[in-house]
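Pasting the structures here.
Each of the two complexes below includes subunit A, the first together with subunit B, the second together with subunit C.
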Partner chain A sequence: MRITLIGFGNLGRGFSRTLVQKSDFLRRKHGLVPRVVAVVDEFGAVVDEKGLNLQALLKKTELPGAKKGKLALSTIADVDADVVLELTPTNIETGEPGLSHIKAAMKAGRHVITSNKGPLVVAFQELTSLAKKQGVEFRYSASVGGAVPVIELARKQLAGNEVMEIQGVLNGTTNYLLTRMGEEGAPFDMVLREAQELGVAEKDPTLDIGGIDTACKITILANAILGVNAKLKDVRCVGITRIGPDAIRLAKEAGQTIKLVGVARRGLLSVAPRLVPLDHPLAVGGTLNAVTFKLDLAREISIAGFGAGPKETSSSILGDLIDLHRTLGC
Partner chain B sequence: MRITLIGFGNLGRGFSRTLVQKSDFLRRKHGLVPRVVAVVDEFGAVVDEKGLNLQALLKKTELPGAKKGKLALSTIADVDADVVLELTPTNIETGEPGLSHIKAAMKAGRHVITSNKGPLVVAFQELTSLAKKQGVEFRYSASVGGAVPVIELARKQLAGNEVMEIQGVLNGTTNYLLTRMGEEGAPFDMVLREAQELGVAEKDPTLDIGGIDTACKITILANAILGVNAKLKDVRCVGITRIGPDAIRLAKEAGQTIKLVGVARRGLLSVAPRLVPLDHPLAVGGTLNAVTFKLDLAREISIAGFGAGPKETSSSILGDLIDLHRTLGC
Partner chain C sequence: MRVRIVMELKDVPGQLLKALEPIARFGGNIQSIMHQHERKTPLGRIPVTLVFEIGDKVRLNKVFAALGAMGVTVTQLGEQAGAIQTTVMLIGHIIHTDVRDTIDQLNAIKGVRVSGMGLAMGGPGQESSARMTITANDEKRVRAAVSKLHKIADEKKLLLLTSLEAAQ
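Right after this comes the complex of A and B.
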């Protein structure tokens, strides 16, 4: 399988490391021999149609021997690859540069796997229509839930069910903050500072604590699983900045906990702090993510795991890659 | 897709009801038109190669117009079907009658879907080898976890991971008993009687409370996911009969709960009551089942849902059926 990799930052490098470490496993267990024929980052591109030496690339902070310039679009179009992996950073306003990368790949007849929320939030219908028109596969397991294969679980194993509702704890940072407030009885500002020092929260945590990141994921899940045409602006969104340790303590005394929960059902998309019973599968601690599907046959299926981290997210990207290999035989 | 259905008890009828109710959904969403050409129970068989009227069959307590006699094996062999659904009751000593049904189906070149733990516990390797030799598909999602698609999740979406360990709360009855003891502070015998009155526990609850049912499921998971050749006797098994409400209360004070947990890793298969942190995804209440996979990339992925019930279990059987339809195009 010939792969063009777009994005060689934290995730692109993490995934490359996984490919190197697991090459024996992938060949032995799945008959999959991934060959990365091009790597592009924002500064340049390296190409070797016989397959790049990822181990050597990973030792350098810049792509060694790279042609300089913004070469993503021409590399996607010109280098013969079965699959384009789009792993650039997310921009939820424009979807760029991922959106242009994905369109270029599809127009060149290449299958696409992405971890990038931006293009999916901005142009879900456009991209899925384009993939259909071009007869290419389009997978984005890693865009929601990190390592937690929410979308493909719903589409494959739960395919016999009508999905009535999706509820999700989809942001590890806010879940960490709420968990710490519950454990320590410490106020929001204090646990936020602690999380920022630990690198669990970003310097500007607005997208996380304001619920916007969760709203993006709910938008993607609604489109991908419920089949609606939802936009980010359709999500009613309340963050966690007004939650204090007292509220969490009171909830606990009633056998509940407070989680930032995104909800998607036909006619309602929302993100807000909600009470969750302590023994419900959504009541996961720390940075975990969890999703509960309400279903006509299975009633409730919940899945939980780590929603971030380059190695963890590689699990979902690799799951998509193996699935394409099985489906297409390339 | 032509289907022979073996077993027309609680589950066989529940699944038939699901097929009737969801025929539009299956055609519209998945292009799947299931046609049940034979139904066999322990008393007889009905066959119609054009497709039986399931709705009519469901109205009767006995199969109307059935040929009498033990006709399962000849029906499996003689009636032209793509898939045999084996949904007879479990016998974990002999695997019968399911074991003979499954072998007959494979030898006749038919794909097999089963919910039956017995044949898998008794003859996992033999059946998977026979399926391979005969070039047929063999699916058994519903045999472990009811509605919770434990096996296929590990094989498909988590396929890029090495599974280091599987931990499971796999028996709804024991989980219900432990949950009730925790809530009520009531002793084991009392919550057991209550559960028996509600139909959550069987009159003879030995297989559940002794941990044997969980041990069967751990055996299947070890074979299916870890690829070992495990037998039921390899599982070290301790049940929950010695757990009292005091132990659960003490655990709770330490932020933990007690669950009957099955564990499978290379070199260790066990079932025993274990402490689980209250905010861990295995700490699910009531009759829920939950499984946690320890993985090299994703670290931990957990999935939870209802482990029993004919409608819930139909979700897994239908998931297998849709997967065969996609894979084989029949």
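Right after this comes the complex of A and C.
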């Protein structure tokens, strides 16, 4: 399987490392021999149609021997690959540069796997229609839930159910902040600084604590699982900035806790801090993510796991890759 | 008086009907029955939540005596409580935006009562947090109360946190 990898930051490198570490496993267990024929980042591109030496690439901070320039679109079009992995950073307003990358890949007849929420939030229907028209596969498991197989679980194993509602704790940063405030009784600003020092929260945490990141994921789930043509602006969104340790303590006294919960059902998309019973499957701690599906046959199914991190997210990307390999035999 | 009880029944046919008989015999008027078959206790008993109106405490005690005599365990009893409770949280300047008015507006809805409150005052100039228990006669009234509270919270610039299980 020939792969073009777009984005060689934290996630692109993490995934490359996983490919190197698991190459024997992939061949033995799945008969899959992934060959990365091009790696592109915002500064340049390296190409080798016989397959690049990822181990050597990973040792350098910049892509060694790269042609300089904005080469993603031409590389996607010109280098012969079965699959384009789009792992560039998210921009939820324009979806770029990921959106153009994905469209170019599909137009060139290549299957696409992405972790990038931006293009999905901005142009979900457009991209899924384009994939259909071009006869290519389009997978985005890693865009929601990190390692937690939210989308694929719903689309495959739960396919016989009507999904009435999806509830999810989908942002590790806010869940960490709420958990720490509950454990330590420390104020919001203090736990936020701690999270920033640990790398759990970004320097500018606005998208996380304002609930926007969760709203993006709810938008994707509504499109992908409920089949609703939803946009980010359709999500009623409240963040956690007004939540303090007192509120969490009061909740705990009543056997509850406070979680930032995204809800998707037909006619209602919302993100808000909610009271969740302490024994509820969504009452997960730390940076964990959790999702509960409400279903007509299975009633309720919940899953939880790690929602971020290059290694954890690689689990979902690799799952998509193996699935394509099985489906297409390439 | 309105009574809400949870009793545990053996998982054999006819138990529920048998357990309801004393309530009718002592003049009780059953309003709702929730049979939670999927929540079996470790001893294999089935919890059943009942809400009924009954004349007075004397009659209620006769009901309990009759239930006890037939081996039915009553595990929870909420006297005069409505059938449904929900917990919500308010964050903001709760006292300064007239907490009494907030409570009065909810109590003004028929069949709705603010039955409990826990309050944490913020420091000077900071927001306070309040946990509020709303008791109502049925689901519909809970929804009416929560919807009213959404409006009050909007007006008073309070953040309202509802329970995950409650209608939004």
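Note that the second predicted complex is superposed on the first by the 330 of 330 C-alpha atoms of A that agree within 3 Å, B and C clash if a C-alpha of one lies under 4 Å from a C-alpha of the other, contacts with A are read in each partner's own complex, and residues count from 1 in each chain.
Throughout what follows, a contact is a pair of C-beta atoms (placed from the backbone, for glycine too) under 8 Å apart; a residue touches a chain by one contact, two chains touch by 3 or more.
Computed from a predicted model, the values in this text were never measured in an experiment.
Taken together in the superposed arrangement on subunit A, subunit B and subunit C clash.
By the touch criterion defined above, A:280 lies against subunit B and subunit C together after alignment on the C-alpha atoms of chain A. Touch criterion not met for A:63: it reaches neither subunit B nor subunit C. Of the two partner chains, subunit C is the only one touched by A:243; subunit B is not.
In the superposition on chain A, contact is made by A:159 with subunit B only, not with subunit C. In the superposition on chain A, A:18 contacts subunit B only, with no contact to subunit C. Touch counts on subunit A: comparing subunit C and subunit B, the chain ahead is B. Of the two partner chains, neither subunit B nor subunit C is touched by A:71.
In the superposed model, A:104 lies in contact with neither subunit B nor subunit C.
Across the superposed pair, subunit B and subunit C both touch subunit A at residues 277, 280. Across the complex, subunit C meets subunit A through its residues 87-89, 91-92, 118-120, 122, 127-131, 133, 159, 161-165, 168.
Across the complex, subunit A meets subunit C through its residues 167, 238, 242-244, 246-247, 249-251, 253-254, 256, 258-259, 261, 263, 268, 270, 272-277, 280, 282. Those residues of subunit B lying in contact with subunit A across their complex are 18, 22, 25-26, 29-30, 141, 147-149, 152-153, 156-162, 179, 257, 277-281, 283-286, 288, 290, 295, 297-306, 311-312, 314-319, 321-323.
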